[in-house]
């Protein structure tokens, strides 16, 4: 029966999802006829909003995000030479699962808070589901190669719960601004993942020579990476609609932050290498750090040069992280973050969130206009029926009343958001890790680490996942000579096999 | 002269296309100035429609579909280890040819029916052309590896004719609803292709060991597959515009159907494997079956849980098809559907069409609203000048008069659509097959099956298309020993070569 | 210190860019609140334009172009078997650098001419930056494999300057129509690149056997190629907005030109091969020539059949160029255009520009309508306050006054545009070449040509970039026999290594 654990557990989860959708969810107001809309009311302004073509407004950017999460990210994870099938396919599976669950989790909290009779499924909730899936993949990939499919199901179950809680804390309680998700997505995913992989630490995961890329797997991985880089402006700006002035700014800032980040990564990667060579893992990952780092501030007045600067810093820090911080984490903290999420999402996420707090603390209506300011920072709008409220109304400014926060206060709330995010993430990751570590979730055996062979029906039999490895073995066998130039490698593998038996 | 048959036949076809375009086609009304528009008239409502920005409305989804047909599908077909060049490139060629021809064929029927003075080429007709190309590729790929380029030209010629006929039958006579093309695209392509490959059956196409993937070719193929999966909501919803409420629903249903399908495929694939391993061909193909299966009903009120359920069923059936039905078809019916179109397009297409008929038979205005109902099911709108017609007009409902069909009757017409599609498809496929089988269309020789070497100028000489195969041959030759572990393989290949001489 | 030249020079360039952005650039009017807009004025018409949602209008096509330049083009350049890392990664780097610099260069000229107080960074300028990056990559890739990263930085510095000059000449002085950039992008990039690679000519770049594709690298390259083909309509039409009638026409013409071009390339490629085989380099490149060739005329009334015809000619000429012209250029003119830019961008660019001139010389308002005509050919609009001007105004035609050019005169200006482009391009390419040839820019050593090993930290040590090459060497070494079937190859490589020492 053990081989059926995965289909059974996964099947029960999928059935649970369908049942909960049947009980709790319906189409959103934009996808049903007028008389069935929940939000429609005497408030003609609200009713008017429901007549907007939300597909036309959100769909193109949603689709870009969809490519990032379901194609870019999985292919980025194809980089291990013997683990490309699992790298891509498991991420695809995990994303599809956590996206469905994410709609339910965010939906349940959302409909509780807004007092809606059911979870509204619409273009915004599926975009949001893709964000949840992205965060699940960020956390998961820190353990890529030593996380079983059952453990992946456990992540797909727990992470969307903590993610939804953090979402509520950030946007409903703290009312932070975070269009690109420095906190919501990157820092959360990274620190959740680091806590998770700390708990799942195993020495053998750091020793195998299989945990390396090959020439081909690196090229596949780079496909995913560059597509992530390209579509990143859509990720940061998709929820900027319908305020297209702000959205325009997000697009520009993200474009520039990514461009400078890409350039700087090549320079730093070459500079830190003794022979001046470039490291592909830096190109695959750190070039994206510019998009992460401008995330929070991208809707703010960081100005083109500011975006370039923050992007450059993100790229540089991320590259240095891969070079110096990751090895430190393994050696001294026993955190074997194989995909480097701390370098790509953790540090640049924190940098971006703090940069956002600083810029937020200086935001004034002279630069943003009143409407722009309150669109970017909702809580800064005057309290309803206050003096300020009437003053602005008399000036013809249209806005939704807020809390009348000052710039400095908004900056402090932004900083509080960073703290809350890291806290919730670490707690979530630890809980998740301790549960996932249970034996029933079938952690991979030593010889299975970073290896497709026991998980996929490989085309040419067990040995041939990696052409070269296969041929080299063959060469050793057939020529009746000791042609093996890596005896220590083989020794190790033999040992692994023996231990396993 | 024989080597020039392909350029000559292809060249004549391309010249014919250009001549027919010159005689019959012009830009559509949205691409010419006002005074030259055919549809412009005293009817100000029609004239107003022509002022709409159709590029803004259709282009983003058209482009997604374009990626699916010209990139996703061809790369999906790169999966044979020695046939990746042909797999991708021939599909690209066939799509480009049948798309052009498809504009003419659908255009000729269309302009006859609507009495237009010429074929209008516009964003809708090129999107439709991409659909035609998709169907041609579905039919073609059942014979991937044993279909010559000339036979592909024959498909590209005949299929768009039968496709255009079926299109007219479905949408003008039966007036079925089929946004995602369960009938129009999937069932039609699948049964056309199965009939075609039944006629082209040859025993040697089932015997060669070349008809297998390699680790690399599977990774290339998966790129195409995942991109198809991602963009599928655009395929189903592109023609939903300009009714954006309906279109919104299509997007949601397709997203959900695909997500559950992806999850279920992994579970079922593992469950049917003795060692619990996952099979890559299932991931590449069956994950898409959710998008197929929700196709017809995606514009209807199937509700989020219904989309998840139908998607799950599609994914499960498709996986089981690959595992059990395909081997049965080869062995007992001599249908060697190498790409598994029956599993991906045939069965899920029928399931989706029948599901659509059932849901259609229950569709009432309480759920859809009058306008929504008549938008989804045009024939259900009241007959012009009937009592019902005036009643609705007095309620302020805007709609185009229809046939006043009942829900049950619409359901029956939907079922009739399935029958008509399968009938026309099988006739078309048989006709096409018998013509394509003629010797002048140069069916591949035995040693050419699933093999790029005789069709492409390969980089490193004939042997090296597959690194591993090449090296293994080398190993056999150079070590002066019988290092061959697959003697039966080599024997077979030698035989093939000898037969050929 | 030599190994730090690249990070230092690149770093200084990036710092210069950030400083100039800080001094000269700001967000464009569409990304700032109303009161900060430069273009806002008493002119209510202008003010109204600034309220348009430019992100909604331009973003989807911008994103398609972004994929082309940053993914399609780099992956197209992965085709050398040992140079795929550099092929992709350097192009990515060069594009990111020249895009930033391009915003500044085009922006400086633009703001001088239009008297704006600063460079406006907006969706149009980043789209334009992507165009600049495309041109830089076209020029650069003619020397792919024998151009150092420092030389690439030199191109990224100089080309955007000459590009911006040519842009001004074409659109401000000559006022040509060139939506797809036959002149602006393709001819300019090609002749700049040819001049550049003429100056950088070195005999050893033509002799190495490394300058060949492998089966895998060709498949990676084809990914880039087909995506370029697919998104090409967006490239040609992105700047067609907001005139959606014209834009619609561009989309149709480009779609058709590409489709016929793809078909014709397969036919011609097979026809010119002695065995009737198809050459992958033709499929990868010449299929795109249809998109190049319809570039200038795509907004004009070339009619669907005209687009098919021009596309066919482009595809055929390009294929013949790869087969016959490129070898001629190397042998007789010492121009080693390794990526074949002359065949893909040069000849089809000139053909398209001349075709555009011919069609422009016949354009009359009967076919375009007055508004359409003046939208496509701005200079043909009547001079302000002329008799014609008042006549049209009385007819209710809305247009911006122009120069009152005749059709013939516009045709001549189009031809002048070709001449100017080639002239400026050749001068730029020569200047750039002579500077890049300086020893400080570190031209690759002979053994480094077309070889990743000295530039990238390869996964499995120096030898293993190419699985097959590595194994074959191994085979030679380990079996103690002369298993080498390509003795001349090895000899040559040994010589190269010795020369280098």
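By written order: A, B and C. Residues from 1 in each chain.
Definition applied: contacts are C-beta pairs under 8 Å (C-beta built on N, C-alpha and C of every residue); 3 or more make two chains touch, one makes a residue touch a chain.
Values in this document were obtained by computation on a predicted structure and should not be read as measured data.
Per the C-alpha superposition, subunit A sits rotated 120 degrees relative to subunit C, a value rounded to a multiple of 5. Because subunit A and subunit B carry the same sequence, their contact can be compared by residue number, and under half of the numbers here are used by both. Per-chain Cα centroids separate subunit A from subunit B by 33 Å. Counting partner chains per residue, subunit C shows two or more touched chains at residues 56, 60, 216, 223, 467, 471, 475, 479. Only residues 2-4, 6-7, 10-11, 14, 17-19, 21-22, 25-28, 30-36, 53-56, 59-60, 63, 66-67, 70-71, 74-75, 78, 84-85, 88-89, 92-93, 96-97, 99-100, 121-123, 126, 149, 216, 220, 223, 454-460, 464-467, 470-471, 474-475, 478-480 of subunit C touch subunit A when the two sit together in their complex. Taken together, the subunit C residues at the contact with subunit B in this complex read 56-57, 60-61, 64, 81, 212-216, 218-219, 222-223, 226-227, 229-231, 233-234, 237, 244-245, 247-249, 251-252, 255-256, 258-260, 262-264, 266-268, 270-271, 273, 275-280, 283, 287, 301, 303-305, 308-309, 312, 367-369, 371-372, 467-468, 471-472, 475, 479, 481, 483.
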